[in-house]
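Dropping a structure here in structure tokens format, bear with me for questions.
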Amino acid sequence: MVIVMKLGATEQQIEHVVDRLRQVGLREHISEGEERTLIGAIGDERVLQTVPLEALSGVERVIPVLAPYKLASREFQSEDTVIGISGGVNGVEIGGKRVVVMAGPCAVESAEQIITIAGLVKQAGAVILRGGAYKPRTGPYSFQGLGDDGLVLLAAARKQTGLPVITEVMTLEDIDLVGGYTDVFQIGARNMQNFMLLKGVGQTKKPVMLKRGMSATIEEFLLAAEYILSQGNTRVMLCERGIRTFETYTRNTLDINAVPALKALTHLPVIVDPSHGTGRRELVPAVSRAAIAAGADGLLMEVHHDPENSLTGDGAQSLLPDQFSQLMEQLERIAQAVGRSLLPQKEVASAFTGGWSGTLT
Amino acid sequence: MVIVMKLGATEQQIEHVVDRLRQVGLREHISEGEERTLIGAIGDERVLQTVPLEALSGVERVIPVLAPYKLASREFQSEDTVIGISGGVNGVEIGGKRVVVMAGPCAVESAEQIITIAGLVKQAGAVILRGGAYKPRTGPYSFQGLGDDGLVLLAAARKQTGLPVITEVMTLEDIDLVGGYTDVFQIGARNMQNFMLLKGVGQTKKPVMLKRGMSATIEEFLLAAEYILSQGNTRVMLCERGIRTFETYTRNTLDINAVPALKALTHLPVIVDPSHGTGRRELVPAVSRAAIAAGADGLLMEVHHDPENSLTGDGAQSLLPDQFSQLMEQLERIAQAVGRSLLPQKEVASAFTGGWSGTLT
Amino acid sequence: MVIVMKLGATEQQIEHVVDRLRQVGLREHISEGEERTLIGAIGDERVLQTVPLEALSGVERVIPVLAPYKLASREFQSEDTVIGISGGVNGVEIGGKRVVVMAGPCAVESAEQIITIAGLVKQAGAVILRGGAYKPRTGPYSFQGLGDDGLVLLAAARKQTGLPVITEVMTLEDIDLVGGYTDVFQIGARNMQNFMLLKGVGQTKKPVMLKRGMSATIEEFLLAAEYILSQGNTRVMLCERGIRTFETYTRNTLDINAVPALKALTHLPVIVDPSHGTGRRELVPAVSRAAIAAGADGLLMEVHHDPENSLTGDGAQSLLPDQFSQLMEQLERIAQAVGRSLLPQKEVASAFTGGWSGTLT
Amino acid sequence: MVIVMKLGATEQQIEHVVDRLRQVGLREHISEGEERTLIGAIGDERVLQTVPLEALSGVERVIPVLAPYKLASREFQSEDTVIGISGGVNGVEIGGKRVVVMAGPCAVESAEQIITIAGLVKQAGAVILRGGAYKPRTGPYSFQGLGDDGLVLLAAARKQTGLPVITEVMTLEDIDLVGGYTDVFQIGARNMQNFMLLKGVGQTKKPVMLKRGMSATIEEFLLAAEYILSQGNTRVMLCERGIRTFETYTRNTLDINAVPALKALTHLPVIVDPSHGTGRRELVPAVSRAAIAAGADGLLMEVHHDPENSLTGDGAQSLLPDQFSQLMEQLERIAQAVGRSLLPQKEVASAFTGGWSGTLT
């Protein structure tokens, strides 16, 4: 932490800042410039998160030096976290050499629908089934999901296909219920800063996929993950799903920079959602290829065999099963080009960037 | 709703769209342009929110004509909603001719703190006391509020000063508890699309102040209000608190345009939060004046008598009591200039824009 | 400037950074933290703008402490700059106690149009006439302005009404030509970083109104002003005209925070353009009032007596003459409430914020 | 164009709109809904760009149906534009099956520097040399490029290596001068809407690379291209270089969605600049791979053999020559995976997406 004092700050003001630093166990380092005095805080500056240094008189600006998250950082843990998913018939690992594809409908709509789609995506190479039981919708008059019934249908689809499932939990109260059915909790973008919910899933032992908030910075995204980690649940993966910008041609702007940035800053697996990240079916293949080329550990994709009759209105971003199958072949080629593999039956290629160092959690 | 067909869309595709419209009880109106065919949907297009028209083959784009919210709209109710607050010793109305100032600390920190500040802001003319018991914080290592104890202290401050109180409720589970103490529920910006929570407060009878999400459009803001209204609670007020943009000098960019835009689109009262909207104490006075000049029905402001020792780190945006008192005098002058009044002891000036038409709810 | 070294940076890397600082005449101040070493650069850090410190090995981050602009800063000149406009029959000063209104059509369209509007806005209290001769348009098929003929018509309107004029110069080549007609150069938002053009008007002696770029930060805005100032022209005023955000209901988001922020950071006058800042005629009155309440020194507004037949398509944001007259009365009341005045015939009220300290340039 | 009338619009208002449409040669199609009347304009709606329909009384909103650009659209020309570059010893084509890499320093700094780097990037497989002679810099105190001398040095580097060159032209006045040296004009992001400059290069016969403005929508980007095309120069390529968002970890947010979106909307070649798009050297490899996987026709990259001594301060985003060589090998693998090739000596793979249909211009 560097505290920049105002032009003309008095000795007394400087001393006062120093006193506050010492009170919380830090040491100071004063640097008198020609125009400004700077005070460096030495020690673990995270203790300063509750000290309103910017409110002290004579202080112009406070500049953090360290990242405000710890457990999520690469500095804390240098090897990649690899998350084993226990549900389903075959082991699936997220964050390892194999790129993982999670696919399925936006929402569970009926037994026939979810079982049909589950079969189709499994056949094409997906290893986890997605599908919403509870759907956060912008307006109250839209279809809100089947709720509890949706959970039961997801479990039925898992039984039928052997695919583990991921579904969203929207409120603290539902954690036990949803946890009774799902293999991975999804925290939606709108709930990325629902801190009660983050703490709640942090107290479970199930893997959690945390989606980036629509206008969350990378730092805020990692702090949200830190909420979960700080409760003891280390099986967290991050999902880039597009951010909100001025561009209106696409539903969101997929932040491809975030993929390598997150891989550098954190040891947690990084998933990309090209369906929400673009909002347009015709852009999903290109952006999916890009995500894997950029180093994503997995993809979350919407697939629907009958988007015209989808209840969620998100049909315009769902791939048809044929499109999905063709795309999976393309994605395998990209995965191979970066030294990984994607389709369950394929060999994992030899390392590309020289060194994959995951540790199973 | 206007459906724009792709260049070269077939007769069959057009008929298929028409069939879908008729299925949900709408009529169509077909307009064949030189390059594109347009299909207008006649009837209440809100029924189309569950029909994925954009997924139909041959459809290029779907353009809504009507706003997707109804109860919140001026068309539904032309007179201003005026919300009477029952707590406290004197009646307070929000949305009427008098501009309402809600002030207090970011968080309740101690009995001494909240009672001191409550007294000071009351003396300066505030009519509602704000203070957080539960605090949503970006990182898990920051002070998270006193929780239940904070609620008790707020109630004590109300008893002492006669000011009704407003405080945030963060999760569905806490609605009853918080409702037992507060006079107005605050829904924070991060929870603007926590739909479970919106429905929850919609089922109570207490007034709700809904803060705009950091990257919520005006339409999404009104749809979030619609969630509350649709559950039967009509006592909703909207709070513009700054949006996230590329600008980093200020914490947020206060969207002053949103004030007259909301007053035109909805009958609900509009509050402005200049403390979060700027994040800088020295900008709060100018932006507060601007808010009232633009037509805001109230202000939500942070005031702290000892920001240096505030636990939330938000001290840099809190006004000192003296600054607050001086500002209140300035604000009264602006309120008078737009035909309103602000300080409890002042006369309400004669109407300015020719016509104030609130109805008490 | 504070240089944050990477975790584990070597002695050699630190020495290398120190060498580079000394080479450009700065001194260093080293602070060894528990996790990171920080190096403070002592002296005028602006010399570092050509040294790529972030590219030095072992450097994690470089944090500027001083603003990168100088001539534009309040620290360089504490009193307000007041710009006297010499054209027109009566003296007009910008940046003084009187709030200045510049009004007129988006584009000059004909002699009849510009002379009619000039008369109407003068009568209502505007003191400068605006009107575009060259119009930057998003697409090549839109009306691009009358060009040179527009300049001639503007001069005719000035002669008729005695109002000085402001018009946009779009390219370096046209500076002499436009300067032969206009009293104030306008640099449009799209040209805020057309550095050749900035330098060009910086070499003239005419006042310049610089509009903020659509996505320019406040710092970039001031750096663009610095380009003009650094060429010797000190008569620069800044115009906030809305920034681009995710919100689509309004054409731009007027950044009201920028008004007090600029007044604090710079001595240059601050103008607000509510017409472009909102893009909607019905929002212009409220936002104009807000701008003056927030401390703006002037307004730039579009007024058209026949917007239906305007050639620019911007008619939807132009006020009708009657609306403009009524608004001017409201604005006078707000100006009085903040201790200023606006209408030419009115007394300037006694100081409000205690101290107006302009110096005529 | 669909004109949405206000609730309660009168017959007379509707007739008036119809009259205006007929005046410019369009026909109307009226659709009376239950709440609103819609009027469709039939014919080439581009004629309406100068009619301020939104200013007509009774009009609520005007919704364009057609894209406002024409020459740039895929509908106007379905086959890809392929641009042959005549400078240099070997033919280079942009927009064909081979992915093109343009590399070099941010700015030309000296003969030794540009010739050294030119040799290194050529050896690694780049086919065009980039380097700025005139540099647009945010502040006036930064290095502004060598100017005319830089052009001479670029030409010398071309002679030495046989690589054609690309460099930025910043103002109308310099077009002839710069055109005397460069093989491709670059229009920088800050000048994307410098319409005079666009028209100027549109009147030459040299290829132009147009960079996307920092906050330009895809539609505005294509309209800027349309300015050039409309002057007769059809050899235009588009460069996505990152947009400005709220994220501050990266310098810009590279909009990967824009790559397939542009490929769908226009026939012009699409280049990606990962150096500016990320602003961080360590993110450039991942994002470069992503760009090619997404379908980009080329990359523009900064390479410097001695970034520590670079004069532009952009050293932090320049690759070192070794990093660049290694990256080129990775990129070749990605190019092959999408059925293309990148290194000059490699075979172009067989088509991937089934059909490449360029036409040489």
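By written order: A, B, C and D. Residues from 1 in each chain.
Everything below uses one rule, namely that a contact is a pair of C-beta atoms (placed from the backbone, for glycine too) under 8 Å apart; a residue touches a chain by one contact, two chains touch by 3 or more.
All values derive from a computational prediction rather than experimental measurement.
If you take chain A and chain D together, the chains in touch with both are B, C. Chain centres were defined as the mean of their Cα atoms; on that basis the chain farthest from chain B turns out to be D. C-beta contact counts were set side by side for B-D and B-C; B-C has more.
Centre-to-centre separation between chain A and chain B, using Cα means, comes to 29 Å.
Chain B and chain D have Cα centroids lying 40 Å from one another. Per-chain Cα centroids separate chain B from chain C by 31 Å. Within chain A, contacts with two or more other chains are made by residues 215, 244-246, 248. Only residues 20, 46, 49-52, 54-57, 68-69, 136-144, 170-173, 190-191, 193-197, 199, 214-215, 220, 223, 226-227, 230, 244, 307-316, 318 of chain A touch chain B when the two sit together in their complex. In the complex of the two chains, the chain C residues touching chain A come out as 2, 4, 7, 29, 31-36, 38, 40, 42-44, 63, 65-66, 75, 215, 244-246, 248. Touching chain A in their complex are the following residues of chain D: 215, 217-219, 243, 245-250, 253-261, 263-264, 277-278, 280, 282-283, 285-287, 289-295, 330, 333-334, 336-338, 352.
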